[in-house]
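Here subunit A shows up in two complexes: once beside subunit B, once beside subunit C.
Showing the complex of A and B:
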């Protein structure tokens, strides 16, 4: 909580984006999360990414479930649509919203509890359906709202604030997503916006579900010594496997800048992402290579970050379901509802 | 870029733009906060510590603080600092029992002050409570100097002046009115331990062009003419008056002639409006009284026919910048403006015909005394200069600042200490945190625009020369205006060792003042890496020690920090804290015993 609203004053050098909006026009309400919460930095990164992309706020739908993470949607894009759903059910509600309106830019915000415990089935099937959405999983390893019990992403041996060690194996959302066939899988850190912002932009431009696991420390219950999701531990063990630069549409691409090998992946909307793997044998467009690399890092006690895998050729939910291009709200009533005669005709076919 | 040393009081002092700009370093945000709390007497006394004449300066100050005000960089108009000072003076009630008391024991040191203007009075104010005998020699019958005879009563009522000067004279100053000092040698022979010269810059500049001396009764020197009005020697003026010059004296002259019956008043300027010396608000007040300002006219000659001044001839000029970047004028025509009276208000000179040249007080080629900038001592030990007498015309607040410094020197000199060793400035820095989300100041940002001063109606103000034009802020106006102050004295204080680099402060800062980045190069390079690149490089950067986790540094661009405290509220480890900065200025009497 803070005592005052954020003063409506801008820095004199503040610029406007292509829509004539300032960065602060992409902000939302004042955060009521704990001071120092990683989620607030993720919010700031989302504000930055949406502003840089000239994202029209009225085209965005902010979707969430329950938990500290799910409060995030209130803190950015105050002029957008939003749905704060039941615990763990954000992916279903988002699937419905996306099916009803293909023009929406769906931004789902969830946490390790919302996505890996109560909502694990929902997450898995949203990945399989490949819902066209950005899926940000704010991962802090604990249930913060209920005062710090281990969540499903807590690492083996990680110690709680009271000193107990976690004995159950963690669910790694990155490995899970790779195994389930996700077409965009990334991991980042709330304390590293230089890495996070381009990944968010690429995720927003990606066709299909873009899962970004963001290590987002819980400053109240999981930032102590012995935690493996603290600011200090993440900084000490983070290894950037792939560096991603987002290149917007209409921007000159100069492949091969510098000496490092670069892979350029053209995204659905014409923009592109330049990928620079930090290991020689790593190919971020090869699922098995990505899986092996993340597993290898895990075995060494490292946290692999970056845009770990991207496949822009996959089919998404709209392709599977043959959804109409026009948002349902814009279809004439006669098309949406074929009428009693058509219904009778349909029913007669099953007699 | 090196780590910023915030233990040096000058760093945080500079952040308080108004206090830094004020020659007397008045604690502006401190007294504005006291006004906000309705503590007018406390606000007045805090003011008086440094500027001695809050009631006078709240009406007449040249306000170096206001152009410096941070609020002016946020939404164009600075806080109405000067007129808030007047609110504290107007509403203070009886504070006499809280003023310094006359010394109960004399220290046997005798100090002479020449002139009873603001500089000498400040010296007396600072020295009398410590047992000095202070004798002030004043040629006229009343104290105040230019504050009394050159500032018209419609801007500064005599009662305000009398009361605030009375606080000083009642400390036991030996006031010698009607006593003109004609010889420094004779004064020195009276055996004073120290002499302070605060005799001002009493000589108005001449305009020696053809015709100047052909009708002398119709051409006047501004400051002399204003004094004659004050003393009642001049009670009326002919209908058509030209004022030559466009400084604050010209503004006082043109507004005074309007009150003495002139109907056609023109102020003539050689340059354009942007180069005017008059304060913008004094110019606005004059124009409100239907004074015409004529730009780009350079005087050529006085037109005198048969011994009577009938007008003045001018070159019409245009200004442009030459190859060396200087402003030069070219004549594009000429014009004659008819008039009955001309008042010259083109500046003032110093004049020391009464200081002998062979007594060890050196003067430069322009007739100005050689005075040390810090100690105010002349080339003769024990003789000090201050106010306009030291380095030429300034304004009242500078004279007060000089008085304080000279008093420190006089104290040191009389007690055998070196005047060159200046007592240091100090500071206190106390956390403003008083609860989870509660601070010892109001940190909310108020969108209100600057309060407008209410003026007496034109009809009433022209009825009598002494009707005060500005009515002062009402308590309601003041209550709103104080909320515009950004509390720059509540400093954002950073402790690098506590920082966990969570970015919370950077994310929440409304004006993007904060950056965590790598250090190791020049300030210029660092400025390009800020979250919001600095546009105003006059404002300092704060650079922390290396941060514990990544060894990067926290950088703060002070330029448009609102001092809202959100960085400290969102900081989980209290690495950022809001701390009340109180500059401790040295004054006379605080030196080693």
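Showing the complex of A and C:
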């Protein structure tokens, strides 16, 4: 994993976003992942989403743990601070950074090993705490950096490259997040940029933790016949429950485009997401039906994708903490120290 | 210890029955009579039903270490009668609750045995079971007031301060207190030969515990993020911080909080939160004890290797493993000094009492930000949870936090290229930027190998440049951290030099005075920080006999001195006390005298 900088050239005809930045301005160092890695497509989708959102790069904080997925924070938003922490602990580091500076837009990138094995506790509690962050779980069912061991998301019967079948039940991050009370739960596929980019944008605008499980095939160790996290398998079994279209604040909302019924969820920053259920009677604002749908798909051997559940009314970490609007790091010391007179007064308590 | 204003009392009760308030009342009454006093709670790791003791030492001379002998034992728990009786010094007094008989086999001829039926008195005087249990404590406090000649007016004032807003409780407490007082008077021995007589030696003092003091330090230092996982004996630190914040850190208009306290899912997460907050620019801390430090090791190494400030309060308890959670020890020294895998070394501060807990807590935040590294405040259960008599805290309003080298947008403008880990000043400390700044100030923190530009590396020279800088940085902290405190016998070095640490200080200085009275000249040096100040080396070099007094089995401070200063281990005698109770002066005196030949007469 050497770091290769891309030359900072900008094509004169490159389109600029609302901040006057080109797509290239949202890129990072050259990826050192394997050619064809699903994670690189997720990175590309993130770059696209951030660019389209006019996200100010300086406000972003890229957070990750350890693993192939966690390396990708170096590959986008080069103008943002990044933190590649320890294995499975990205959620706590992000919690601390977000507590200290609520002005940061925290983008957490993790993987199935990082989030569902060593970091399962941290993921669960970040969901409970409802840290305001985008949490992208790049899920390939395998430990890539250590060359092909099953991860906790490997499906029953899925075969490793060496041919052995996984016999332990998988942990599904989507079901987990729904059960733990997550306020934004989605699943997508690294090979489906059309679906992924709007979900990422909605997740970035969501208040609270937005968990996006992205099936992201490992071309080196889990893309073979018999794997249930391969490109071929995912393409064949993906069932989109709800298609999301993200509408930024400055755009007028035109509800009901086309013939399908559309549900509009207003996000806290004024933007909105249009949800177009592709399954009958699917209500993406109802936790129980989302859960039932994902379980139903599982039983049929399908992979439920789309923005599966969203609740914009939930409290986030700063609501729970009752913190002031000003980021804590910006409070002047005078507002933090009670001073000498208060100390003298306080001392009488201990007499 | 058997005279006026020089004695010790030990009270044996059952935990969960409310004796703490009575013991506190006695302590405070003596304190308000102007007489130096200290208390040690010896309690079980349990909520209700197990034996618990409280020791009160009265010392007109001002010694506050745990007493070496007990003059008066108050035995209120029949389950511990045997050990309570055995603990009375010859010539001392046993007071027991004669509602239940004292086994005749336990009688001793060399002590005075007094009985008062506290339980029976309370059953007669009060209706409810709860009152009968709780007020028995105030009843024995009343008896002790008579036996020890405490001023009733002082006690009445204290009761009024506590129960003034609940008249029925005040009346019941008064009745119980008077009942015990009268019963003791009827024994015809009041006051005992050892008792309290008013002095004027506590005017500038307060009674406070170290956890409260650390919390106050964090408050005054401007800490805004606290993350923790509940653990004895560190819990009360964050609870105190919370209550201070509720008083001083609420926005007067919006009623919103100027602080964030996160109770994490475990100590790993607590460490992660603190490191994330420190990276983002907040003063952040966690409070924990040995088991938590064990869990935090990986994160501590990350913060060390990536230059992130963080403050860890380690309120040490008896290890290893779960150990004895309600007993004190200084056995985390090695695991703090070199916490985490790989080559690491950390700044560790060692407060000796609550006053220093406050001062060193503030300094810990300054050092953490100045050196961009984890800083540990190694307190212990004795300091953290017992009330100590210390000089009242003062604050200098001209204090401003030392934020260290932090580049803002303006400073960034003036430099060509920002390299996060470049040692521009030669002190090993590289300037940092905070997230939210962006542009050329953006950089990527990684726990993996990195070069001075924060870029990934597997290059030997680039890797070594960074770890060598870290070594220089931490070495530099030796002079910035609090210097050791010398208590010298005279202008020239004494023959014996005692080196000690943390809460052992009181007992060691008292021991030095006792040895002096027996004709042995002793100097005491108390280490206050790791890495060691140069004065520590000088002290060892200038004393023929050097003893290191500490509370752990393996002589951890001595090991650190040997490793860091290159002093041969056997050049230093180890004086060790690690059974879990606060150190007494007698232990030190006996150990020094046992050295025999090397001791000058």
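Assume the second predicted complex is superposed on the first by the 322 of 351 C-alpha atoms of A that agree within 3 Å, B and C clash if a C-alpha of one lies under 4 Å from a C-alpha of the other, contacts with A are read in each partner's own complex, and residues count from 1 in each chain.
Quick note on the criterion: a contact is a pair of C-beta atoms (placed from the backbone, for glycine too) under 8 Å apart; a residue touches a chain by one contact, two chains touch by 3 or more.
Keep in mind the model is a prediction, meaning the values are calculated, not measured.
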{"item": "Contacts of A:129 with subunit B and subunit C, given as first, second, both or neither", "value": "second"}
{"item": "First, second, both or neither for A:333, with subunit B first and subunit C second", "value": "second"}
{"item": "More subunit A residues in contact [subunit B versus subunit C]", "value": "C"}
{"item": "Which superposed partner A:81 touches (first subunit B, second subunit C, both, neither)", "value": "second"}
{"item": "Intersection of subunit A interface sets (partners subunit B, subunit C)", "value": "1-3"}
{"item": "Complex contact set, residues of subunit A against subunit B", "value": "1-14, 24, 31, 34-38, 40-41, 43-44, 190-191, 193, 217, 219-220, 223, 231-232, 235"}
{"item": "Complex interface listing, subunit B residues touching subunit A", "value": "73-75, 436-439, 443-445, 447, 500-504, 506-508, 510-513, 532-536, 549-550, 559-560, 562, 564-566, 569-573"}
{"item": "Sites on subunit A touched by subunit C in the complex", "value": "1-3, 56-59, 61-62, 66, 73-74, 78-86, 89, 91-101, 103-104, 121-122, 124-125, 129, 321-325, 328-329, 331, 333, 335-340, 342-344, 346-347, 350-351"}
{"item": "Complex contact set, residues of subunit C against subunit A", "value": "31-32, 206-208, 216, 219-222, 224-225, 227, 248-249, 251, 254-262, 264-266, 268-282, 284, 298-299, 302, 392-397, 399-401, 433-439, 442-448, 455-458"}
